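After the structure tokens below, expect a handful of questions from me.
Chain nomenclature is as follows: A, B, C and D, assigned in order of appearance, with residue numbering initiated at 1 for each chain independently.
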Amino acid sequence: MAGMTIIVKTASRLLFPFVLLFGIYIILHGHLTPGGGFPGGVVIVAAIVMLLLGYGADAAKAKFSPLQASVSENIGSLILVATGLLGLFLGFNFMKNAIPLGTTGNLYSSGILIPLNIGVGIKVAAGLAVILYAMLTAFEEEKK
Amino acid sequence: MDFGPGFWGPIVATIVMLVGAGLACLMLLGSRRIAKARPSIAKRSTYGCGEEVNPEEVTADSEQFYSPIRRVFKPFYKYIQPGHSGKLNTYLLWVVIGFVVLMVAIALVLR
Amino acid sequence: MNVDYIVAMLMISFGLYCLLIKRNLIKMVIGLEILTFGIHLFLISMGYREGGIAPIVTGTNPASVVATLGVDPLPQALVLTSIVIDVCVTAMLLSLAIYAYKYHKTLDMSEIRRLKG
Amino acid sequence: MIEAAPILAIIIPLMGSFLTPLISILTKRYKKERIRDLFVVAITIVTLLLVLYMLPTVWNGNIIVYRLGNWTPPWGICLAIDGLNILVALIVSGIAALVSIYSLMYMKNDTGLGKYYTLLLLILASMMGVTLTGDFFNMFVFFEIMSTAAYALVAFRRNWDSIEASIKYMVMGSLGASLFLLGISFIYNLVGSLNIADIAQKISIIGTNPMPLVLILILALLMTGLSIKIAMVPFHAWMPDAYQAAPSAVVALFAAGTTTVGVYMMLRVVYTLFGVAALGAMLIVLGSVTMVVGALMALVQRDLKRLLAYSGISQVGYILLGVGFGTALGIEGGLFHLLNNAIYKALLFMCAGAILYRVGTTNLDELGGLSKNMPITACLFTIGALAISGVPPFNGFASKWTIYIAGIQAGKAFFTLLAIIVSVLTLAYLLKAVNAIFLGQRPKRFENVKEAPMTMLFPMMLLAVLCIVLGVLPSLGIDIVTPAYNALVNQHGYIHAVLGGI
């Protein structure tokens, strides 16, 4: 896949930061509005898919390499586990919401939900990217 | 533990079996010493259908190993074995049939 | 009459039909998806409440209002979890379909049957 | 920290599976890949130690209830561990530790081992999760993780056969999981709860005598989903394919781990969730059918791993039969057979893997005369074969004998006779396998075949010793499964311990 026409390329280049920002917004406001880690991660990976379709696989891999994807996937899941273990280390049970809750409605509220959402977001975005790259590799082996 | 009528002592039985195995071993060794005839060269080569067959290449067909038992359970192999045809749709059909069977069986048992 | 339950059961039946009748692997995956989405619809319509609000505690909707008016959030959580699992399974099935096509040059599952007996 | 052992037994392998890719990347860079392998072995052994730590508490008759996030059970997720869980957790973690040691050598020549070990730890974590959790939806999620990891492990080598087997396994398994999810959604619709103890309490209020139609539908949906996992006839078709195509180390884990977990879930659903011990009559019939079909199909196989897979199907039938008799002796015999089945099935598949590792094929027509080259493997395989066919003094005899006695005591002489006949058939097809592999003429090209390496022989020897010990001292095995039996029949104790008198 060498990429598409200039219209697609320009549109995806212009839209890319905004889609990325929208994904991050959904992740960060997961505890306040509908959304959260999984939808936000999917939106982020949609931005990568846009690049991939517009500019081809190589451009997408230059932006976000498969190695980066698999490393950040594991980091995302480690964030989840670490957040859960936090309660254990503070003397409560696993997954206890042990940090201060903050006021309802603010961006900083509801304790460990924010790190959980961020972890899920990273995990989902990177994981779906890994899946996409793996399927692309399978297709490329097919062509050879 | 209640094993019902009868006696079963695993340790005693094991010792008895080990003794039996030792006796059998001795008998085997003894018999081997007596009948230690080497086959002549003429006996070694095997002929099958006019051709000389290398005995090392001859192996029993493992699928037909128990052909008498296959004959006993002929209806089973006639109807069940074609079911394992490797077709995914057949397997899924079995799942659905099995679900219905389970539902009927549960209804029969519990109502 | 509750329309969403009927639609959910229809979707489950269609998915099952698709799995049993269709031979193309991709179509079977689609059937599996329809089946799963039927179950999701069934789950999500269980938590639905006529005139309910989103079960999110905000400044205008305090916890007491959400408890009386909000829809049941648990089925939504279940469906979200189930969707995540479903995405993984589908992605893996489709990846394997690519490999299956590579080895067998077909996606017809009645021809991919070298393991049998 | 150590009182959090229940959750740590799930979290440590899970965290290990997340860390393994990172460690894999690092060790690949510095060319020290053995560190990654040893890390995985360490994780599995730590999991086993955690289970062993919980063992005395549970065997004293307590039920450990661990509340996630300090939420009280009907609302929050909790882990509830009674005698039944701990038996299954012991089997699963023990076999996983042995399999990880076995994999050190067996998988040495494969590429992408980082992914393999990740999946191995993931399947261990999910099996522990299914086993230890007290929440029904949580159980489903772990069950699905387990299944997905299993699909990936079957397809790990990406040969034509593993791809085909994985596709079949995955489509059937997903259908089963969907039906299971449908059952869960019906349960939630009916009782509005997902905690096992809470559901059990509410179902006992609804009453199961006579059973309402919706409960029958739910039970059928759940049983279908689980039957696919434990490969009960007629849901067994994926199992021979998957076991033939997957790497042998993985198959040993499947045969001993996922099957045990599936049987555990079925027992949990039938006895704790619904409290319908009367369902035993159905389990007897289905177990007998499973037993007979598995044994008869195994008789005509050409491939060793396929033969062993059918034999595994047949053995699951014995477990269901024993549990289905419903008497104390029968259930204890079934649970004992569950333990024994895990031991000798893992042993046999590891032997098959050793043969595959050294010879390169498991086709019975091509093999022959290997006892001169691989005497230890031959001896271990024979021990496993005799144990599985119920020849004294091995452990299979003890559990099968218990099941026969229970069957006669329960007045089900026909099914007992069937079980004995199937036992003879088991001996027949395994002797065929022993004959075809280790005895007879040795083809010339196998002259330089060496004995399997020590790292592979060690887990096999350990399992063989267990086979003999549990056969010579069967009361030891009965002692191990008695807490599980007590937990299984004590539905009210489970509900009371989890809900705390609410």
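One rule holds for everything that comes next: a contact is a pair of C-beta atoms (placed from the backbone, for glycine too) under 8 Å apart; a residue touches a chain by one contact, two chains touch by 3 or more.
What you are looking at is a predicted structure, and each value in this text was computed from that prediction instead of being measured.
Under the contact definition stated at the top, the chains bordering both chain A and chain D are C. Comparing chain pairs B-D and B-C, the larger number of C-beta contacts belongs to B-D. As a whole-number value, the distance joining the C-alpha centres of chain A and chain B reads 55 Å.
Centre to centre, using the average C-alpha position, chain A and chain C are separated by 22 Å. Here the spacing of chain B and chain C, counted between their Cα centres, is 44 Å. None of the residues of chain A touches two or more other chains. In chain B, the positions touching at least two other chains are 81, 84, 86, 88, 92. Along chain D, residues 167-168, 171, 175, 240-241, 300-302 each make contact with two or more other chains.
According to the touch criterion at the top of this document, the contacting chain pairs are A-C, A-D, B-C, B-D, C-D.
Note for the complex: chain C touches chain A at residues 54, 56-59, 80, 83-84, 87, 91, 94-95, 98-99, 101-102.
Residue ranges on chain B touching chain C, taken from their complex, read 81, 84-89, 92-93, 96.
Partner chain D is touched in their complex by these residues of chain B: 1-4, 8, 10-11, 13-14, 17, 55-63, 65-66, 69-70, 73, 76-77, 80-81, 84, 86, 88, 90-92, 94-95, 97-99, 101-103, 105-111. Across the interface of their complex, chain D is touched by residues 12, 19, 25, 28, 32, 35-36, 39, 42-43, 46, 74-75, 78, 81-82, 85, 88-89, 92-93, 96-97, 99-100, 103-104, 109, 112-115, 117 of chain C.
Of all the residues in chain C, the ones that touch chain B in their complex are 16, 19-21, 23, 28, 109-110, 112-117.
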